[in-house]
Amino acid sequence: MESKLKSKVLQEFQQATSTLVNPALQSWKDQGGKVVGCYCSYVPEEVITAAGCVPFRIRGTGSTSTDLADTCLSSINCSFSRHSLDMALRGDYAFLDGATWVPTCDHVRRIYDHWRRRVDTPYLHLMALPKKVTDVQVQWYSEEVAMLRDSLAKHLGITISDAQLWDAIKLHNETRRLQKHLYELRKSDNPPITGAETLAVMVAGTAMPRSHYNQLLRQLLEELGSSNGHSDQRARILLIGGILDDPAYIEVIEEQGGLVVADSLCFGTRTMWELVDEQESDPVAALGRYYIQGRPQCPRMFGDQPKRSAFIKQMVKDFRVDGVISERLVMCDNWTGEQFMFAEDLKEAGIPYIRLDREYIMAGVGQLRTRVQAFLEMMGR
Amino acid sequence: MIVGGCDIGSATGKAVIMKDGNIIAWSVVPSTTKPEITARQAMDEALQKASLTSIDDLDYIVGTGYGRLKVQFAHENISEITCHGRGAQSLCPSVHTVIDIGGQDCKVTSLTDNGKVLEFVMNDRCAAGTGRFFEAMARVLSCGLEGLSSLAHNSVKPANISSQCSVFAESEVVTLINEGYELSSIVAGINHSVAARLNAMVGRVGLSQDVAITGGCAKNEGLVHALEDKLKAKVMKLPVDPQIIGAVGAALIAIEKAQAKVEA
Amino acid sequence: MLSGWFLHFRTLLSCPVSIFDSYIAKITEYVNKMKADGQLVREYRCKPEIRELLEGVPVRTGPAANQGIILRGDTFMELGNPEAGACAFLVWTDNPSLVSDGRITLIGPDIPESPGASLPFGQVLIVAGPSLTSQDHRSLENAQYIGGHIEGYMIRSVPQQMWSRVSKEAAAKGFRFESLGRALMSIYKTQIPSVSTMETLFITSSKGHLEPLEDMAIQVRQVFMKTLTEEWKAKGFDVYECSLGWDCQSCPDQVVCDDIKEIIDIKKVAFQENRDENEISHKDS
Amino acid sequence: MAIDKATRQQMMVKGLERYKQEREYFNFITNLLAADPNEEIQLSKEVTEITVARYDEIIRCAEEDKPFIGGYFCAAPEVYAAMDLPWYLIMQTPFLAASAPYLLEDVDAAEAMGLGTDWCTACRLSLYYIEAGLSPPPTCMIGLLHPCDAATMLHQAVVRNDKWRDIPMFCTDPPYLEDQRGIDYFAGELRRMVTFLEEHTDRKLDIDRLREIIIESNKQYELWLEYAQLRRAKPCPQGWGMGGGQCFAVSQIFQVGQPRGTEWFRKLVDITERKVKAKQGIIANERIRYFWFDLLPFGWVFEFMPWLEEEWGAVLVMDMFGYTPYEPVDTRNEDTMFKGLAKRNLYQSPMVRQARGIADYFASDIARVVKDYDIDCVIWPGHMGHKDGSASVGIMREICQQLKVPYIHIGLDLFDRRYTSPEECKDKIGKFFSAMGLG
């Protein structure tokens, strides 16, 4: 599927996705602005924004080897953890003024242990993310949010007021609204933007100063309003999975004629489909509730699987999806379980479904192509 | 109507020419380093056997296999998963499960009654259950692939080879040789270990009705027997060389496409 | 992949060395308060040379002093059972003038007075040496768990708990807190030569008396973790991995393993000597 | 909401097939062991006997339609004991009967079901048994969300299973860091677990009964600790065949807070004390004292562990299951009991202690074990399911290097000998021992 967009804004997003430090972030740094890394989408970025810093989602983009990380981790650890740690060990993350974690999974939580031993980042903070989604965990995580707020404020020698927190929540909600608007456009018969392009837009959102990003995104939405859509697809695809930040992967799917029209990814709908409740009285409680209950969850959250499954099925309906592709990084236990459960759920619902294994830095394009092509043929497309 | 199917794999290139639904010629050639050249060679040989002078005599050509994008003369390409399924079921209608053992990978496909793919799994990560696994074993045993096939007799008690990784299996086999095991027993052990692997893959798509094995390794009778043993199902004997099933499927799809084109 | 690669990214470490000085003052305050409250506080002042420290210690000390373990039936008394309470920590400074070298302070009953007892156990070690830096902290910390270095005295192997036993035999020879303090000071000064000055504080009076120390222990631990983090970062990479299948002849990094092998040899010799000794003493009896 | 009676009965009959087969397997082992008068063998025999007793109890409950639960260690089994709720472990087969003859076939069947092969084999098998109807459906279930990702996913998949989705499940949520707030939170989780059990069974928790159970289990842990100290002796009185695994099975699974379990521990300590006094080691010539920092390779333990002793004079002095700092739980009141149980089951239980939180906990444990137990080398077996542990190899290596103690990482599957064959493991260990001048 050829890109039809000749948009400058889109190019800026694509550039931000293919590198770590994009020009907008660089100029923020040049002006003395601070950047705080987040190792997972469960770090409440709003707190970092409220502290006057730019939250930056840590990736392994551009990594070419894992030599250094391989002395810390082993071959049964996923390639995302190895590439991202390798970059940190090489000093590629020296631009960070801080880094924050949640113990997302067995791989990423150990990166924290290595990072604090080996990487010179002035501020490190680990939040204890629970594994359930009841009110008790909302309360627990709200406390964690408050602790991050206090600790970051103390480190920076500032205070973070409720008003600042609300401003940050509103700013991030605005990002979410704009992103959701972009997704709404893809519901049409002729979506004006491909899945690969959308992913670039989403990844860029985790790497740029937010107001700047919102402004660019507004511009893109305007441009899209007047552009011609894609109509040559063989099938409309819903892509689900874990940490996928490489548009080239979706490009392979789309080259075969499978237009990705929606997703459940942590660089996708999971982080923006729902909004933080601006009507709550306490911003910390609002964030606690949002991250634990308010939005589509990661497979690691127990008790939420029926909801996740319902979310996928709803997306299939709303976006008139022909088939679901689920990707997983090799060695990812969370997605192994999730793929297994979705296979059963989607079979029951009669929705075509395929599971794919993947390495973080794309390899084996040929095999991916064969699988996707066979999947489309299987659907009779 | 005359159509062609061309299946370019990692080890061999195959071409099939069909006239009015019947195979009139086929070829198998070793792969070269350039898939487009392999495709050309395979098709030229088939054309010659069919006494056709030019590729333009074919109404429609479908390319498939690992090198399908490089079959420059094809009108279209279809994945080998679909082609093997279609080919196997058309030749043997009771077949609903197809195991395709290729040089670099293996695939198991389950089919609907009308030859459509219902589900498939693919192993391309490791050599287990692929042609290159057998090649590695044949090298260790210095018996060649044909030797590997002829050495296994059902009566022999298979030696225990627990590893399914070709690297480790190789060292196990070396140990067995040194311990003085009969070659035929080792070969049977190799077949059993591959069969166990394939059995697990079949389980993932679910075994339904009869099974067919396609690809070059289907000629290895020891493996076929070991597989029947594991699957507790009959492996159907295909009426043509199992190596050309993918190309047959491609040609069958070419017929459909050509007809659709005519109607349009 | 570099074969058996070995890298050093060493950066200079600048860490304030007076980090625990305020805690030393707090410990003094604590002891003074106990005195003022009328608690039984005993003080021993020993001559601080290693040789002199061991004068009058009725049991053997040193690496091979106590190869055995103290069984239940051989136990005279125990210290620091979690039910009785325990708290142990260590502070250090590069300013020896803050430390009263050779002083042993005991608050509460002594060993000979407590046959069959299970006493609470507080142990605070204050060490100093002009060249001490935060890089020494880990070895100072680890040295608290003295392993088999004191005959008749065994620290049970339980993480994060100072829980020990004194044997009947040691008690019969007159082992008491003064001996323990002397032994500990000699062990530190022997094992870590940059320790020039040291004093010890023991509390056995009550669980409640350990509470103010526990607060200090938590803070000290936090500071320790922080300095440890600094140390990790300063060290950079020097993790060695053998990727040559332990084929030493072709290995460029043999030196790393040789270091470890040397220790193995020393241990073997020590073990053999000890076994021989045991056999001799066995014959004697 | 419950499954209809006929379906449940059908499920029960099938679910008990394998279960009964396993009971017979343990009966068989009991009889084998009975023939050997050796005291330690007799201790092992007692463990298989109490195992059989539990199988009997569950089968009886299942057949008489009485409540029994699917429970877990490290989730305060003291509570189930106090509520008189018989329980079995859905991870039973890989943990207890991994040497059963059908295990490898089951591993293949699990793979055929579509369960990814890089998923921990123990979790994969457990899910397989439920998906294949080979586990008896309990009245309700307690699950575990730690120490690893696979455990979390396993329990979600069990809740999702068509047949089991009506069986209520409660999972305790583990806090990540080791502090008072975490203990208080987990104590709350345990209280909610009690509420759940009361709601879904006809049992009520009696606090005095809980106290009795805890007082008894305190005794068990005190004896376990005594035993753990005895293993410091040189030569080491016992090897891989007796130790942490059995102690854990008795105190956390089969005899939680029961006097019979306490008696077992007493015998264990007495026998071992005698050996220590007599300077009697598990083998005649102890040359290498190693720390096995994982579970034993349950699936092929006999093919590997004896070899270390026979070929190298290498003795397993301590392992992950044996080094547990269990503290007595303060039984003054309900609050102290729940907090004590929280601490015990979260920060002191094996594997959960080492694998759940940040790396510092196990890092300091390795240092202590090496020193206190006079360890000659540390072996990290690197089970393919222990992703967090294998993500820590750099830290383990560093600690060992500082301690000047040799360290090796193998990389194996504790249950499936085909992953890295015992021969490969032997080869790797042999080269390591020779190169480091051990043995």
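As written, the chain order gives the labels A, B, C and D, with residue 1 at the start of each chain.
The criterion applied here is as follows: a residue touches a chain if its C-beta (ideal position, glycine included) is under 8 Å from a C-beta of that chain, and two chains touch if they have at least 3 such contacts.
Here the structure is a predicted model, which is why all the values come from computation and not from measurement.
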Ask   = Minimal path length between subunit B and subunit C through chains that touch?
value = 2
Task = Counting C-beta pairs in contact, pick out the pair of chains that comes out on top.
result = A-D
Message = Please identify the chain with the largest separation between its CA centroid and the CA centroid of subunit D.
response = B
Inter-chain centre distance, subunit A versus subunit D - centres from mean C-alpha coordinates, in Å = 37
Ask   = Which integer distance in Å separates the CA centroid of subunit A from that of subunit B?
value = 40
Ask   = So how far apart, in whole Å, are subunit A and subunit C when each is placed at the average of its C-alpha atoms?
value = 49
Key: Rounded Å distance, subunit C centre to subunit D centre (Cα mean)   = 33
Message = Quick check: what residues of subunit C touch more than one other chain, meaning two or more?
response = 239, 241
Request  = Mind pulling the residue numbers of subunit A that touch at least two other chains?
outcome  = 71-72, 117, 330
Task = Would you pick out the residues of subunit B that each touch at least 2 other chains?
result = none
Ask   = If each protein chain is taken as a node and each touching pair as an edge, is the resulting graph a line, ring, star, complete or other?
value = other
Note = Listing every touching pair of chains gives A-B, A-C, A-D, B-D, C-D
Inquiry  = Considering only the defined contacts, which subunit A positions touch subunit C in the complex?
reply    = 67-68, 70-72, 89, 116-120
Inquiry  = Quick check: in the complex, which residue numbers of subunit C touch subunit A?
reply    = 1-2, 5, 229, 232-233, 236-237, 239, 241
Query = In the complex of these two chains, what residues of subunit B are touching subunit A?
reply = 66, 69, 77-82, 105, 116-120, 122, 124-125
Message = Show me the residue ranges of subunit D that touch subunit A in the complex, using the header's touch definition.
response = 114-116, 118-120, 123, 127, 143, 145-146, 148-150, 152-157, 159-160, 162, 171, 173-177, 181-182, 185, 188-189, 192, 358-360, 382, 384, 387-388, 390-395, 397-398, 409, 411
Ask   = Which residues, counting only subunit C, touch subunit D once they are in their complex?
value = 67-69, 71-73, 82-83, 138, 142, 145, 147-148, 154-161, 225, 238-242, 245-248, 256-257, 259-261, 263-265, 267, 271, 278
